[in-house]
Amino acid sequence: MSVPSETPVPETAAPDLQVTFTNVGATRWWHRGVFASQTAYVTLALLALIVVMSFASPYFLTEGNLQNVAKNFSFIAIATLGITFVIITGGIDLSVGSLMAFAAMITSMVMTSLSTPGLPLSSLFVHLAADGKTVVANVPGLILIVSVLAGLAVSLVVGLVNGVCIAVIGLSPFVTTLGMLSIVRGLGYVISNGKGSFPGGPDAVYFYALTQGDVAGVPAPFIYLIALALVMALVLHHTAFGRHVFAIGGNEKAAELTGVSVPRAKIEVYVIGALAAGLQGIIISGWLGSAPANMATSYELNVIAAAVIGGANLAGGIGGPLGAIVGCVLLEVIRNGLVLAQVNSYWQQTLVGVIIIAAVLVDRVRARLL
Amino acid sequence: MSVPSETPVPETAAPDLQVTFTNVGATRWWHRGVFASQTAYVTLALLALIVVMSFASPYFLTEGNLQNVAKNFSFIAIATLGITFVIITGGIDLSVGSLMAFAAMITSMVMTSLSTPGLPLSSLFVHLAADGKTVVANVPGLILIVSVLAGLAVSLVVGLVNGVCIAVIGLSPFVTTLGMLSIVRGLGYVISNGKGSFPGGPDAVYFYALTQGDVAGVPAPFIYLIALALVMALVLHHTAFGRHVFAIGGNEKAAELTGVSVPRAKIEVYVIGALAAGLQGIIISGWLGSAPANMATSYELNVIAAAVIGGANLAGGIGGPLGAIVGCVLLEVIRNGLVLAQVNSYWQQTLVGVIIIAAVLVDRVRARLL
Amino acid sequence: MGAVAAGQPILEIKGLGKQFGAIRALQGVDLSIGAGEVVGLMGDNGAGKSTLVRIIAGNFPPSQGTIHFCGREVHFHRPMDSRSVGIEVVYQDLALANNLTAAANVFLGRELKRNFGPLVLLDHKGMEARALELFRELRSETRPHDLVKDMSGGQRQAVAIARTRLSNAKLVMMDEPTAAISVRQVEQVLSLIHRLKEQGIAVMLISHRMPDIFAVCDRVVVMRRGEKRADKPVGETSPEEVTALITGAKEAA
Amino acid sequence: MGAVAAGQPILEIKGLGKQFGAIRALQGVDLSIGAGEVVGLMGDNGAGKSTLVRIIAGNFPPSQGTIHFCGREVHFHRPMDSRSVGIEVVYQDLALANNLTAAANVFLGRELKRNFGPLVLLDHKGMEARALELFRELRSETRPHDLVKDMSGGQRQAVAIARTRLSNAKLVMMDEPTAAISVRQVEQVLSLIHRLKEQGIAVMLISHRMPDIFAVCDRVVVMRRGEKRADKPVGETSPEEVTALITGAKEAA
Amino acid sequence: ETKYRFAIVPKAMNNPFFDVARDGCLKRAKELGNVECIYKGPVEHEPATQAQIIQDFITQKVDGLAISVADVPSMTKSIEAAAAAGIAVITFDADAPGSKRSAYIGTNNKDFGLALGKQLAQLKPEGGKYAIVSGGPGAKNLAERVDGVRESLKGTKWVEVAGSPTFCNDDPALAVQQMSDLRTATPDLGAIVPIGGWPMFAPEGYKAFVNKNRKDIDAGKLTLVVADTLKMQLELLRDGYSNALTGQRPFEMGEKAMDTLLALKKGEKVPDVIYTGLDLVTKDNVAKLLN
């Protein structure tokens, strides 16, 4: 299996396929695959930014700070992976921020409720010992699994509703997911009465271990991210589903005419986006130790921005996991770096905007010069 | 001059142009012009909603409330008119919310500073009378005009920067205007030191009269809105510029190849969007009597949503003033109606989302049935 | 669907009509094609030829009329339905995804796959090799790994034609397949049609090139302003008569 | 730009080359066209014909080589530049805005206007009437007020051809203008080319239809894999020789 | 007996602080029996939306309004309109002095900031570098708190670092991230003063930050003085995750708002300013407040 390419720009074919074309030379490496994509040039901009930041603050490149950066960007990067699927099909999903909060709330509410003797269904999982302490009646970790699955299940439902409205009924993705943003956030306030909720019960420790822990200094969320990104690269570039996702983004009508099941693929894409957002929210709530009702407010813009900065095209047909991650890293390095450099907070916001624009400018300069 | 059509769906040609085509019958009116567009069906949904709301609350159809509704939606509708231009070309402008605040702040800061003897340039406009009172040295209203022009001038600059980045350099509209959102909001905090500002000086009374006043019960902002919408309809459907805007949205490359000056038209479109946002912000600040630094935060989503709900297509090529207004009215009726109907605030948010989706669904049902 | 009984037409259309708002694109069209038969469809621009093809292919439903395929009445709701019963189409607008390679477009919707342990992944090499073969068969200078958006008009058309070669179709409809391709590929397409005929596959060929129609077709159908004006074996008509029918100089035949 | 001196070529190209990454689409092409001359450009798919046209029209700059127009060296940075000196193009992909009507597309970039007091507004009626006239001249069943997205392939092509009739061009380049149109419109296009020639306008016609080329062209230029292989008056060559040149059976002439 | 409908309008509904005020208001309304408490405000902190909501309440002819003012000049006008419509108007949490409001219930934000600073100065008179974490740059009450902190630490040995305050936009996750960034940027940072409870609304993230700096905190090298005293914050203080808390009494604000509006409706006279007071909490008295 070859290295997954960020955009569908083909790798040069095996030499025996080329001989017949006398007017074709060798493609230079910088005209090929990842290297010819916006992702590559935004990565360059990112490296430059890292160098600048490391001069601006001696602490930028310390291990502790890098761990922080790795953790922080993993917090939006998983959702960004998901939305990248949506963007490749030419869609958009504005409901991710709300859904992060909602899935996190459901997970922690289910966890708390299953761990509280007396509440419905909790008898399957816990019982009160004689001394009044709660005792796990079952395999340890089961409550955690059930509650995470509950959080993912609501995400799945939200993704399905988005997908059906967009793919089957034919509503505009912007309007549908904007409506869903409002619906899901409202539901979050309704179920919690505005208060948010906290993971609780005996399994909360596992939950925290899985979200806050690290393996040899590498934060757990970062590991999940890398694993998911690899899966995503495989799916996008080496499965029929991935190819159909690109085809829909390139020419939806053509995909339909050539026998791609467009509604199905689109529904799947919105479900993936929703599941990723839900998972992301659950992980964040583990790290926060709380699922406040206003969590992740307006994160949708950050998530979409990260994907687009990394090279995904809102018009559809272009995008990939590497770009999604690079976009997230860039946003986080800007944020973290400006705080470390002790820039005045009012100016920070202005600089964030300037740097975002500057980073994508690098790619355009390449397009002009090469 | 014929009634401007909302989408470029043609009116039926004069009969003498038709005779040669034996296979062409008469187009039914509901297949034609405005009636065949999403705008028409969202308007239907809006009317239904108004009926529902008037049953839900006895106050809904009172004159005072209708005036309120008219004023409130005029507050985002002017910006929506502007962004509709941008959307028709297939672009997007996320900086409108920030720009509203920034233009409003500049206007009120200039107004205050020109009216304060001792501050730079103010000597041209005011002087201190013997009794220590400030006296207008010039034509009354001149300070107002200059300060509004200052607010519009910064909007123009922001629009130009957006336009040049997008049309000439070729950056993605989403990333560019997202960066600009951050830059402009940051600058607003910087110039006011986070405090915002408010209109002051002798001309503030004119300013309030022009923004809060009404003519025979019709709020002034509503009158501006209608005037601007008519101008917009004329420009879109009866000038070469308008036609080019549609052509760019339909097929940018074709427009370029057929001699349309695409970069110029796109820059103009972003400038129009920015000026509309700036004007909108200035009007809001007059109504509020203040230009707080966090004014209009995240209004960009409302403004874009209004345009899209009214039938503008983010993929470009479709949109118009009627749709923009209908979208804004719909959003405001939902907001106002739910408050008046005393729906629980947390459910309100959910219902807003549901109604938004339901409103655009009407149009899809039409597409299936007719 | 089972095999076609001898003599029974593969495709039978009765009273087909289609209105787009005020425009009557098709009106009362009857048509039948037997196995191994090559039918040429001619007509002026806007006569309704592509509309006919797209209705048969399930792109949209007819306003009136019925379609029988292999003896059974069919109602295709989407292109996939017609494809799954054995109808292949070369669309006039080619239906290509610009951001994919030629090979990916040829195999879109029927990708070749290989098993890697439990995983079923795309067989990139296999698809490129097969696509190259197909392009060679068409004598087309098309490189399988080029993006379609960078290809010339004729190369795109070759991609669209190559697609129909992948499956065992019962009916192949080609909407102006030779419009953009060069002299020698035209020959190849015509000989391809001959081969399809030999394999008992029915072919419907839309073209504005009179010589091509007369070279490969058994029957020629002429449409005008949405109506069928003529349906004759090629032996019983002439290019002149067909031209007269197309332009409306002759009303019907 | 001034009038062209007698005998001086309108367009003169020297050593033109264009690379797209690894693909040499054009290499060392020399070509000149005089006023009132009709040059046919033939070649296999992907030979570089459209690339040549698009470079002359200013869609993108050449990698190598120079272009002289009316005796002066020109560097077109955008299509508007070439249009403004009098070059009209029918693009192979037609360059139409799908969301506008046929009439709007014909007049795109040169709308007719009328004064309403101080306002200069579009003359909708005037444009529709003139567009209908142009379509009639082409014998095309195209309705000026139809949206292009609802039109048939041939109707779209008619719109693209009609455009070139609006201005007083010095050079008209047509990239496969007859690919999708029906028999009688083909005649009209060929007679249109004759009329252009009579008015002293230079024409470059790209086509895969041998008879058309031999019917209207003074000279035929054959391209193969980005290179010019032949440049001969039609009287001195034959369809067979041209075919051999196109397919590469004959190397050059 | 006449039934009254009182609306309580927060600055932003997404801030848990106002949930407590709402709970106080609901509880008191229930106790009073003849009062209904409506809780409704802008979802995000945005002045124009708040002004529109006030308009809607005027249309609805509610009997009383208690507003946490998002922007003074614009609310001054809205309050005037409400008062003109015969509605009893008071402000809570954030005041609009000079407006037609009948009373203000809450804390003086400047005092709040002063108290925070004083707590820090008392805890560690030897001084050092400190940083402030604030919510949004546009909020006037937060700006006053920042001023208060600065003023009370002026003349002590505490100096504010550059880049302070940082703004977390009321986002708990961002608040914690900023605390670790501030500490990374200035490793000898002696104190962080969040002037709202945001970082503690993310208890685990906050604990992770504290645990990472445990040594310094135990050694007295890093002092954490946090604003607000919600239950979870008190628990965190009890468990040794901060040095001191200063809190307002939002629950009381909610209760008093109902009482005051009712009094106004009955034509009674009410004091112009009702301070609900501040809770200064340290390890010593946390147990008492938790009960």
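All chains are identified by letter, namely A, B, C, D and E, in their written order; residue positions are counted from 1 within each chain.
Note that in this section contacts are C-beta pairs under 8 Å (C-beta built on N, C-alpha and C of every residue); 3 or more make two chains touch, one makes a residue touch a chain.
It should be emphasised that the depicted structure is a prediction, and the values quoted were computed from it without experimental measurement.
Under the touch definition stated at the top, chain B and chain C share these contacting partners: A, D. On a Cα centroid basis, the chain most remote from chain B in this structure is C.
Note: centroid distance chain A to chain E, computed from Cα atoms, is 33 Å. Per-chain CA centroids place chain D at a distance of 72 Å from chain E.
Rounded to whole angstrom units, the spacing between the C-alpha centres of chain B and chain D is 43. For chain D, the set of residues that touch two or more other chains comprises 23, 141, 146, 225.
Listed for chain A are residues 12, 21, 24, 185, 189, 193-194, 346, 348, each touching two or more other chains. Residue positions of chain E touching 2 or more other chains, listed in rising order: 13, 43-44, 137. By the touch rule above, chain D contacts chain B in their complex via residues 57, 59, 78-80, 83-84, 89, 91, 94-101, 104-105, 108-111, 113, 116, 119-122, 124-125, 128-129, 132, 136, 141, 143-147, 163.
On the chain E side of its complex with chain B, the touching residues are 13, 38-41, 43-48, 51-53, 55-57, 59-61, 70-74, 76-77, 136-140, 143. Touching chain B in their complex are the following residues of chain A: 94, 165, 169-172, 174-176, 178-187, 189-190, 193-194, 298, 301, 304-305, 308-309, 313-315, 346-354, 356-357, 360-361, 364, 367.
Put simply, chain B touches chain D in their complex at residues 1-2, 8-14, 17-18, 20-21, 24, 234, 237-240, 243-244, 246-247, 249-251, 253-261, 317-318. Looking at the complex, you find that chain B touches chain E at residues 57, 59, 62, 64-65, 68, 72, 75, 189, 194-196, 198, 284, 287-290, 292-299, 335-336, 339-340, 342, 345, 348-349.
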